[in-house]
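Across the two complexes that follow, chain A remains constant while its partner is chain B and subsequently chain C.
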Partner chain A sequence: MRTILPLAITFVTGMIMVLNFFVPHRPFNSMGNSLSDWYMIVASAAIFLGAMNLLQVHFARIRHRARNWQYSPVAIGGFLLMLTAGLVTGVEEGRAFDFMFQNMVVPMGATMFSLLAFFVASAAFRAFRSSNWRATLLLVSAFVVMLGRVPIGDLLWRLVPGAASGAHPSLVTEIAEWIMQVPNMAGQRAVMIGAALGVVATSLRMIFGVERSYLGGAD
Partner chain B sequence: MRLFGLLALALAAGPAAQPAGPPGTGPVAYGQAAADSMPSPPPAPSVTGLAARDVRDDAGGAIELSWELVPGVTADSLLVSRSADGGTWETVAFLPGAEVVFTDEGLEDGVEYSYTVTSLLGGAASQPAGPVSAVPSAQWLHSKRTGMLIILVLLSGVIFWFIDQGRKGRKLYIREIAGLSAVDDAVGRATEMGRSVLYIPGIMGMDDIQTIASMIILGRVAGKTAEYGADLQVPVCNSVVMSVGQEIVKEAYLAAGRPDSYRRDNVFYLTDDQFGYAAGVDGIMVRQRPAAIFMLGTFYAESLILAETGKSVGAIQIAGTAMPSQLPFFIAACDYTLIGEELFAASAYLSREPKLLGSLKGQDAAKLIIMLVIVVGVLAASIGTWWAPAASLADFLRRILHVE
Partner chain C sequence: MGGLLEKLDRIDRRFIYLLMALSVLVPLAFRLEMPIPVSPGPSMDLYEAVDALPPGSVVIVSYDYDPSTMPELQPMAVALTRHLMSRGVKIIATALWPQGASLAQNALTQISDSLGLSEYEDWVNLGYTVGGAVSVVRMGSSISAVFPRDRVGVPYDSIPVLEGVGRLADISMVIALSAGDPGIHAWVMVAQGRFGIPVGGGCTAVSAPEFYTYLGSGQLVGLLGGLKGAADYETLLKRDNPGAPGGTATPGMAAQSISHLVIMGFIVIGNIAFIAGRKRKRGGAK
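The block that comes next holds the complex of A and B.
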């Protein structure tokens, strides 16, 4: 029963979602939406589990004086402060919760996001410095694409005698667009087709009980 | 026609079942205006070509009306009237004068409904366009997804055939996936260094197939950490993923015969906020300096932030996602990257179970079929520019592969 019940639930719910996609007739048209609604209800209820886990983990760290426990009071304090502000004053615009969200959470998120610029630079440097022909090809492609995305690319091209009056006055932009739309798009579609097949295979394995590792490998 | 016009006007003037129209264009005003101008003939309708049809590929109970606007004539409003099985007429909608389509919902399947559309022009009601009739019905198969269903059945057949071959013990060759072959090394390295293994299952919930695939791989990785005695840390940004992850890791430790080593708090919730999560995981990386980091699942802009921080602490990193826009970042910053389908192949590859390997082989065979279809489609479309049968073949492939 420990194995059969989860497998049966997986099979029934999986088949409902498949039928929901192909059969517009009642009751299949609404069953998929009902399951999605159930998931949303479960997920909403599970938020409390997450909050409880957060408190439990950090209180345990403080209690046991675990390594780096000093960060835990900050995490708990921040959580309780936002929770209290939301419960007491509400979450409408101009209230304490909204003030803290707009002036603390949003800037901190933006700060993390802005780090991406530096990380892109370091990752690009590492990718381009590899001394093989593929890295060189990548470097040249990236250089042309970046040049084609800014006005100075075509401006430089038009300095070439006859380029401005020729058939391709915006050659750099055209090459950049071709790289993005042809080789890049082909690669992306290959990844997506492969992934779609992987999704089908994984779904079939789970719906028909071939994949059972999530049950602890029980047969 | 005249009779329908009078009916529509009478109904428009009635107080019952009248949806609210724009200010000053209410049905009473128009009905009164029309009554005042009875001696002069009503103006011609502003719509033409009124057609009614059952809404296709739905659960029934809906009819779609469509019409065209008469050039140069724009009504203030359009009044849609309905009669069921030749019974009394009722107004079902007031629409803006430029509207060209209306879907009437909440109808009874199998009943014939007739419709007219009356234009309201400068305070007068026109002759109604119509009537036109249709019978709503529900469909059992989505006509625009039939091709998809055929393809799915074919692909499933191929995959199941190979699963059966695997079950029967046929030797199946599966190409080596370097990132998955390195899982043992990564966990072993963490064990030898006395550091933890950090597993990041992406930032989406359990309704995302990549997260599901990631959870399956987590079970395999947890089995290895249980076997080797390494410390496993799984920070998550979704409460449902946390619950599922805890159960999967627990099952893996039980299956490995090490239930005593399982600690529930090793799968813990950080935050639902994308960059808050990235900051939290970065902090864990910098403070704990894990020896091995797995990033498997759905990632967005945080992918490079996590991967570069992991790189900076010297961890061996195995990443995998089916997000094409994030793959270059992982390839640049991680030691191994599972690209698209490899993420979904991981569980089968790691388990080496014949049935699961059979499904992988079936996946490859299905991919070969799709590649052939693409090649045939490209050739047919190219040759079809001067040879009609090839164009027909290209159209057929396009139609069968198009999914709504």
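The block that comes next holds the complex of A and C.
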């Protein structure tokens, strides 16, 4: 029963959603809508699970004096502070929650992402080597795209005598766009179609009970 | 010469960090600006698609990002919002990312106040919804089922700008500004693929290549890729509305240009040192 019930639920809900897609009329559309509503309710509940997990993990780190445990009280404090501010004052503009979001969360988030520029520069210097013809091809493509995605690429090209008045004053951008629209698009399509076929196959295996790893067991 | 190349190969990473910081800071501090030539492409396609919307039409702008990707996506959100509002297009803001709702509010109030428009009459921020693509599927039959209230709790039915807007079919266009998943994929697969609504997009530069497939198939009407896409949009907006205030992407392009050159310079140095080292090793082996 522990196996059959989840398999039956998966089969019925999966088939309803598939039928809803191909036959968007009663009763499948109303059943599909109800299942979508249920999905959003269950997904909302996952937010509470996430919050509980965050607290559990960080309290455990403090209790066991795990490495860098000193950051855990900050994480818990920040979480509780934002939660209280949101619940007590609401999220409207000018309230405490909004003030902290705009003046703390936003700049800190942007700072974390901006650090990536330093790591990318360092990693590119150490790892981006033309060790064979494939790596060299990648390197040349990257150079063209990097120059084509910023205005200085065409400005440098126009320093070449005759380039500015020629047929292709934005040659660097044009080549970069060609790389994006032809070889890149071909590769991306292959990846996307492959992934989509994989998703269809896995979904059908789950709906028909062939794939059961999501139940928690190996079989 | 060999010693110099060896030293270059082992360059201290702090030196790289310093040069990177300077390459970004100096152009910003001295307000260095570069002309941004916009050639036909995904940015111009999106601009023209928005420009062709008749006044009074209703557009969903989905702010599917968070503060970490805000430096790239917020300038395009501001430019797009200004373009839509100045053309008299009504905006319904949604967010598939929790923090996107607050960032949307920033852009909407900033532009709305400068143009003298009012919330609920000309635009509304419905806030965040959980569920990603499934919530977009549900919006196909009922938007109010997904957003029974707006971001601050005002009931859907009492909001004037939502009058006559019941489901995705009532929307003229969806523009998804996305930093990842859920985002453009969900809107293209469901809103465009299933309900036939034109979808435009904006994304970080690093994720732009994956969306070119949708441009090629016509499932995206246009795409703004990274800060360059935002700067393109600002330039086009300025071209057609010379009085409009400038955005933050255009000044940022000078910093990005210089930093790209610095990274390329380091890659070239690294490769010269690498090739010289390889030759030396081969020579030693002989």
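One rule holds for everything that comes next: the second predicted complex is superposed on the first by the 180 of 219 C-alpha atoms of A that agree within 3 Å, B and C clash if a C-alpha of one lies under 4 Å from a C-alpha of the other, contacts with A are read in each partner's own complex, and residues count from 1 in each chain.
Methods note: a residue touches a chain if its C-beta (ideal position, glycine included) is under 8 Å from a C-beta of that chain, and two chains touch if they have at least 3 such contacts.
Worth saying up front: this structure is predicted, and the values here are computed from it rather than measured.
Judged by the touch definition given at the top, the superposed model places A:Leu155 against chain C, while chain B stays out of reach. Of the two partner chains, both chain B and chain C are touched by A:Gln188. When both complexes are overlaid on chain A, the residue A:Gly109 reaches chain B and chain C alike. Legend: residue contacts after superposition of the two complexes on their common chain; A:Arg126 is shown touching both chain B and chain C. Touch criterion met: A:Val210 reaches chain B, while chain C stays clear of it.
Of the two partner chains, chain B and chain C are each touched by A:Ile47. When the two structures are aligned on the shared chain, A:Leu147 is found in touch with chain C, with no touch to chain B. Of the two partner chains, both chain B and chain C are touched by A:Tyr39. In the superposition on chain A, A:Val12 makes contact with neither chain B nor chain C. Put simply, chain A uses residues 21, 29, 36, 39, 43, 47, 105, 108-110, 112-113, 120, 122, 124, 126, 188, 192 to touch chain B in one complex and chain C in the other.
Note for the complex: chain C touches chain A at residues 11, 13, 16-17, 19-21, 24, 34-37, 39, 41, 66-71, 99, 102-103, 105-106, 109, 129-131, 134-135, 137-138, 141-142, 145-146, 151-152, 194, 205, 208-210, 212-213, 215-216, 225-226, 228, 231, 253, 256-264, 266-267, 269-271, 274-275. Those residues of chain A lying in contact with chain B across their complex are 21-26, 29-30, 36, 39, 42-43, 46-51, 53-54, 56-57, 60, 67-68, 71, 105, 108-110, 112-113, 115-116, 119-120, 122-124, 126-127, 187-188, 191-195, 197-206, 210-211, 213-218. Taken together, the chain B residues at the contact with chain A in this complex read 57-60, 138-142, 145, 148-149, 152, 155-156, 159-160, 163, 205-207, 209, 212-213, 215-216, 219-220, 223, 238-240, 242-243, 248, 251-252, 254-255, 265, 268-270, 272-276, 278-279, 283, 287, 301-302, 304-305, 307-308, 322, 324, 327, 329, 331-333, 339-345, 347-348, 351, 355-356, 359-360, 362-363, 366-367, 370. By the touch criterion given at the top, residues 21, 29, 32-33, 36-37, 39-40, 43-44, 47, 90-93, 98, 101-102, 105-110, 112-114, 117-118, 120-122, 124-126, 128-131, 139, 143, 146-147, 149-152, 154-155, 169-170, 173-174, 177, 180-181, 184-185, 188-189, 192 of chain A touch chain C in their complex.
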